[in-house]
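Each of the two complexes below includes subunit A, the first together with subunit B, the second together with subunit C.
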Partner chain A sequence: MIAFLRFLLLTGRWFALLGVGVIALFLLAAVCAPLFFSWEEATRVNLGDALAAPSAALPLGADEMGRSMVARLVWGARVSLLVAGLSVGVALIAGLVIGGLCGFYENRLTFVTMRAMDAIISFPRILVAIMLITILGPGIVSLTLAIAISSVPVFARLFRGPVLSLKKRDYVVAARSLGAGDGRLLFRHVMPNLTALIVVQGSISLAEAVLIASGLSFLGLGPQPPVPEWGAMIAQSRSHLMSTPHVVLAPGIALFVFVLALNLVGDGLRDFSDPRASGTGGR
Partner chain B sequence: MTRQTGTLSLDRRALLGGAAGALLAPGVRAQRANDVLTFIEGSDFDTLDPAISRTRSAEILFYVMFNRLVRWTDTSLSAIGPDLAESWTISDDKLTWTFRLREGVRFHDGTAADAEAVKFCIDRLRDPAFGSPNRSLYTAITAVTVVDPRTIRFTTEQPHAGLLENLAESSASISSPTAIRRHGRNYGRNPVGSGPYKLEEWAPGERTVLTRAVPSARFRQIIYRPVPEGEARLIELEAGTADIATGIPPEATARVRANPRLKLEVIPSSFQVFFELNCARPPFNDVRVRRAIQFAVDREAIVQRILGGFGTVPDSFVAPGVQSYEPIGKHPYDPDRAKREIAAVFPGGFPEKIVMWTSSGRYLKDQQVAEAVQGYLNAIGLQTEFRAWEWASYQQTLYRRTPNVPGTGYGTNAAHMWVLGTSIPTADWRLSRRYQTGQSANILGYSDPRVDDLLNRARVTLDPAARLDLYHQANRLLWQDNPPNIPLYNQSQIIAMQRGISNFNAFAFEIPLLGEVSKS
Partner chain C sequence: MLDYIAYRVAVLIPTLLAVSLAVFLVLHLVPGDPARNAAGPDAAEEDIELIREQFGLDQPLWRQYGIYLGNIVRGDLGESFRTRRPVLDEIVRRMPATLELAGFAMLFAVVVGVALGVVASMRPNSAIDSAVNGLSALGISAPVFFLGLLLMLLFSARLQWLPPSGRGTMAHLVLPTITLGLPYVATFARVARSTMLDVLSEDYIRTARAKGLVWRRVVWRHALINAAVPLVTLLGVYFGRLLGGAVIVETIFAWPGLGRLMVDGIIQRDINLVQGCILFFATAIVLVNLVVDLLYSVLDPRIARG
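And now, the complex of A and B:
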């Protein structure tokens, strides 16, 4: 982490640094949400304040139900991060296992597995997710699962490629000839080389997962009210875009800034982990 | 040289003009074609067979595609007048109704719209094997007899006070028997009536086109398009690609009023939107809880803050505009009382989560209102679980009986309460359909012998005042003594249209009379 920050500083990647800052801010908000605002504040209906304009008590105004927009944004960050983080984590691990095994062993079973992955990947991810949620019913858990399952094939394919080539490297062959077993080869000699890939793809997938999660919530397939979720907040207040724009713009901007920050950090990470690209300086 | 430049600039101007023309073209075309009426609404329909439809948006089209035997003469439902029937008489024992049909009416496929056709359609509605969801409207009829091609006789076992009202329902639209026989189960996609317009094209989810079937019809074409978003409907009006749009969101009304090319009509609606309570499952199987929960919801705030004042707080079990409306008195907002009365039934609080379902976008601000209600229930200490549904799957799920559970008998048992609305203007159908014991649309499992008895008696009471009094009693029972739902608001119809549209009128049950509109 420190090394990454120093790298960004030294090579003058200010945008990526900004991204790190923004993500840290969102993380802080998400983790410490209960310290700033109670769950009550984010969910209690108070029609007296419906669509209130920004004020000292309600820094970003109130939504249609008279709930504080700031409180909902902060708790919404928690939901978004939780869903995105968990789903990417699950997908990453599943992708590593499938991709690693299918790359390391080449037989009929792994062939069929990879073709199945190809089949899933041929559908747009959001469609796969919608299909899964239709079966599971809307909610946070099924949203997380749906995004995870729909992104497993991406990871599996991505990780299988390097494994295919890595296992033929001389040092792996050498280790094998010294009598190392499959497990040792895979975990000691092959997998560690995937770290950079995991980190970069993880951060990019995180941005994608946030977008898909809010997209699905926009369609009403995410967490159900009163749970605040950015996409659902946009969906519900979108008819007020012309009359009281702040209720639509606030979650929209939050989403935009967060996804942008994730992408900027992803770019920085890519440069950091790929020594050949690091010489090119700022962007 | 100069000349060349001149030509060039002229060309450029022509080009610009052409481009501008192309940009404006759709709007210009929509306004110029005075013989095409484009009507946009929020929802599409699943069938165009009037006998089995229960979708209001389809009803709008039934009114111009079909004839019924009789019809309401005006939108205030003051009297019933002739349609296919030109006159009718009732026997002295009040058990036989004889209708004399108009001469020479033909369906769009050429079949004669005679007594045989009427018998065919009414018998089809009554046939239990056919299973029309509107069947119970017509079960009081025991026999339909063709006397001669222009005379038909309805026999009932008991005097039937609501017969004419029921025959004026759009489900009693008379279809061509030939078409029904030819298309069978597919008739819903190939409807044939005898009204001023006939179906030309139906692309589900996209558009339905009706064309002129008789020379006197005002428009060459009536185009119906479902546009789910209220905001999008308004944009279409602003762009001139539609003539009339219903269900304008309250927050957009200011924009309509500010636009010199558009106008706004706000028409009272007989739509009352409510949270229906599952009477077969705790806690709402206990009438004390159903009574207490009425005080938990601040309806005034809902109407003012969420509906922007476009609606009214219910003061009776039915909305104004319904036959049996009579103000009883609003339920006060008193959360402490609600809390106290529920605590008397469940001293430690109700232990489970209350599952609340709502449609999203079917009624004015339905999901938002449901969320507000969720807030009010949480405020009196009830735990809730919320789910917003898309209309088509919502309706299917609600009316699908939960397997292996006695439940409500006719609908889902998976939820404790769900948002629904009804716009039915006739007293009998409005109450008996949902709240009489054993009715197929009584998906909440409500049963009160007193209500059943009042409705049964009203049905055979031919004296209008006495009959109305029975409905008033039933309304009061359903409002105070034994409520089956939490009434939330009475809707208003917010309709925007081009300035050139005149003579626009709509029934309180949200059926605009498209055939009567004029456009200039």
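And now, the complex of A and C:
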């Protein structure tokens, strides 16, 4: 982490540094949400304050149900991070296992598995997720699961390639000739080489997961009211877009800034793990 | 070449069969009784039984699939649980709107994206290059639905230049097209820039330049054609994603397309309708990928021979 920050500082990647700061801020908001605002404040309907303009008591005003926008944004950060973090985590592990095994063992079963993964990848992730939510029913758990399952094939394909070539490296062959079993070879000698790939792809996938989660919530397929989710907040307040734009702009800007920060840090991480692949290098 | 086309078309049938089976199986694992869902909360037991018989839901799963497949071949996708109208009619009625939106968005993304990418690659690390780079980072991170609402706020509410929603005139098409296409403008710009940088460092480009051709002509005629191959492959991938994005864009702009139909179907647990929509999207994606692959083999004849 410190090495990464120093790299960003020394190479003058200010946008990526800014991204790290923004993510830290959102992380703080998400983790400490209950310290700042009670769940009550974020969800209790109080029509007296409906669509209130920003004031000292309500720094970003209130939504159409009179709920404090700030409280809902902060709790929304918690929901978004939870859904995106959990789904990417689950998908990473499943993708590593499937991709690792399919790269390590080349037989009919793994061939069929990878073809199935290819088939799923050719469909847009949001459609795969929508199909899964049709089965599971709308909600925060099924949203997380749907995003996780729809990203597994991407990870599996991504990790299989390097495993295919890594397993033929001399040091792996040497370890095998010393009597190391398949499990030891795969987990001790092959997998550790994937760390950089996992970190880079993880941060970019996190950005994608946040976008898809909010998109599905916008469609009404995510957490149900009164749970504050940024996409759902935009959908519920959108009829007030023309009269009181702040109820739509606030969650939208939060979402946009958060995704942008994740992408910027992802780019920074990519350059950090492989400076030759730098996007701005040019020729 | 002909052999290759024949082979690709022949593979189409098992692919579509597999897709229909996958969609059918996934959707029929729905927890809860579809007949009960369709009948509504206070339906009598006899009514539910009637619906179950009417839609064949009392048959074993493999027979249901067999019947479903037989019906598809005859152009019958079943009836909507809700409206009792044939699903195919609903889809055909909504399809032109979705294809129009996706087509225009794709055109917008390719033309603007490739142009930006090529201009950026002509002067790497210049101000134009950095601007395109920055814009594409913004475009990739913008949530589609928020972007759409912002455009609506600016161009419909404040400036009153364009209608905020609905379909009809070309003016109605502008905001949805930009909203759906903008993230892909960013992607195409990025890919076009990096492939162009690769191509521009090739020997034949230096030769073309050395023999005195105008630089702009070298870039747009000689280099772009060779950079087109990876861009064409992207078309197939992004057409699918564009259809996925259309689901959200249609909701924002009240665009009467298939995406909105499908989301309503999910919320109302109308399995036949959702199944028909997903099958349509899947078929469209498979067909577009086929066309793209064939186009690809025209651009690069080595593919068909391989």
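To be clear about the criterion, the second predicted complex is superposed on the first by the 275 of 283 C-alpha atoms of A that agree within 3 Å, B and C clash if a C-alpha of one lies under 4 Å from a C-alpha of the other, contacts with A are read in each partner's own complex, and residues count from 1 in each chain.
One rule holds for everything that comes next: a residue touches a chain if its C-beta (ideal position, glycine included) is under 8 Å from a C-beta of that chain, and two chains touch if they have at least 3 such contacts.
Every value quoted in this text rests on a predicted model; they were computed, and no experiment measured them.
Novice: Who does A:E64 touch here: subunit B (first), subunit C (second), both, or neither?
Specialist: In the superposition, A:E64 contacts subunit B only.
Novice: Looking at A:L86, would you say it contacts subunit B, subunit C, both, or neither? Reply first, second, both or neither.
Specialist: A:L86 contacts neither subunit B nor subunit C.
Novice: Pick one for A:R238: touches subunit B only (first), subunit C only (second), both, or neither.
Specialist: Both partners, subunit B and subunit C.
Novice: Residues of subunit A touched: more by subunit B or subunit C?
Specialist: Of the two chains, more subunit A residues are contacted by C.
Novice: Determine, under the contact definition given at the top, whether A:G220 touches first (subunit B), second (subunit C), both, or neither.
Specialist: After superposition on chain A, A:G220 lies in contact with both partners, subunit B and subunit C.
Novice: Which of the two partners, first being subunit B and second being subunit C, lies in contact with A:V259: first, second, both, or neither?
Specialist: After superposition on chain A, A:V259 lies in contact with subunit C alone.
Novice: Looking at A:L186, would you say it contacts subunit B, subunit C, both, or neither? Reply first, second, both or neither.
Specialist: neither
Novice: Regarding the shared-chain residue A:L96, is it in contact with subunit B (first), subunit C (second), both, or neither?
Specialist: Touch status of A:L96: no partner.
Novice: Contacts for A:L158 in the overlay, against subunit B (first) and subunit C (second): which applies, first, second, both or neither?
Specialist: After superposing on A, A:L158 lies clear of both subunit B and subunit C.
Novice: Looking at the overlay, does A:L73 come into contact with subunit B only (first), subunit C only (second), both, or neither?
Specialist: neither
Novice: Do subunit B and subunit C land on any of the same subunit A residues, and which?
Specialist: 138, 220, 238, 241-242
Novice: Could you list, by residue number, the parts of subunit A that touch subunit B in their complex?
Specialist: 43-48, 50, 64-66, 138, 220, 224-226, 236, 238-244
Novice: Enumerate the contact residues on subunit B facing subunit A in the complex.
Specialist: 229-231, 249, 251-252, 254-255, 298, 301-302, 304-306, 360, 367-368, 371-372, 374-376, 378-379, 385-388, 390
Novice: Help me check something: in the complex, which residues belonging to subunit A touch subunit C?
Specialist: 15, 119, 122-127, 130-135, 137-138, 207, 211, 214-215, 218-221, 231, 234-235, 238, 241-242, 245, 248, 252, 255-256, 259-260, 262-264, 267, 279-280, 282-283
Novice: Give every residue of subunit C touching subunit A within the complex, in rising order.
Specialist: It comes out as residues 18, 23, 26-27, 29-31, 124-125, 129-130, 133, 137-138, 140-146, 149-150, 152-153, 157, 197, 200-201, 237, 240-241, 243-245, 247-248, 251, 262-263, 266-267, 271, 274, 278, 281-282, 285-286, 289.
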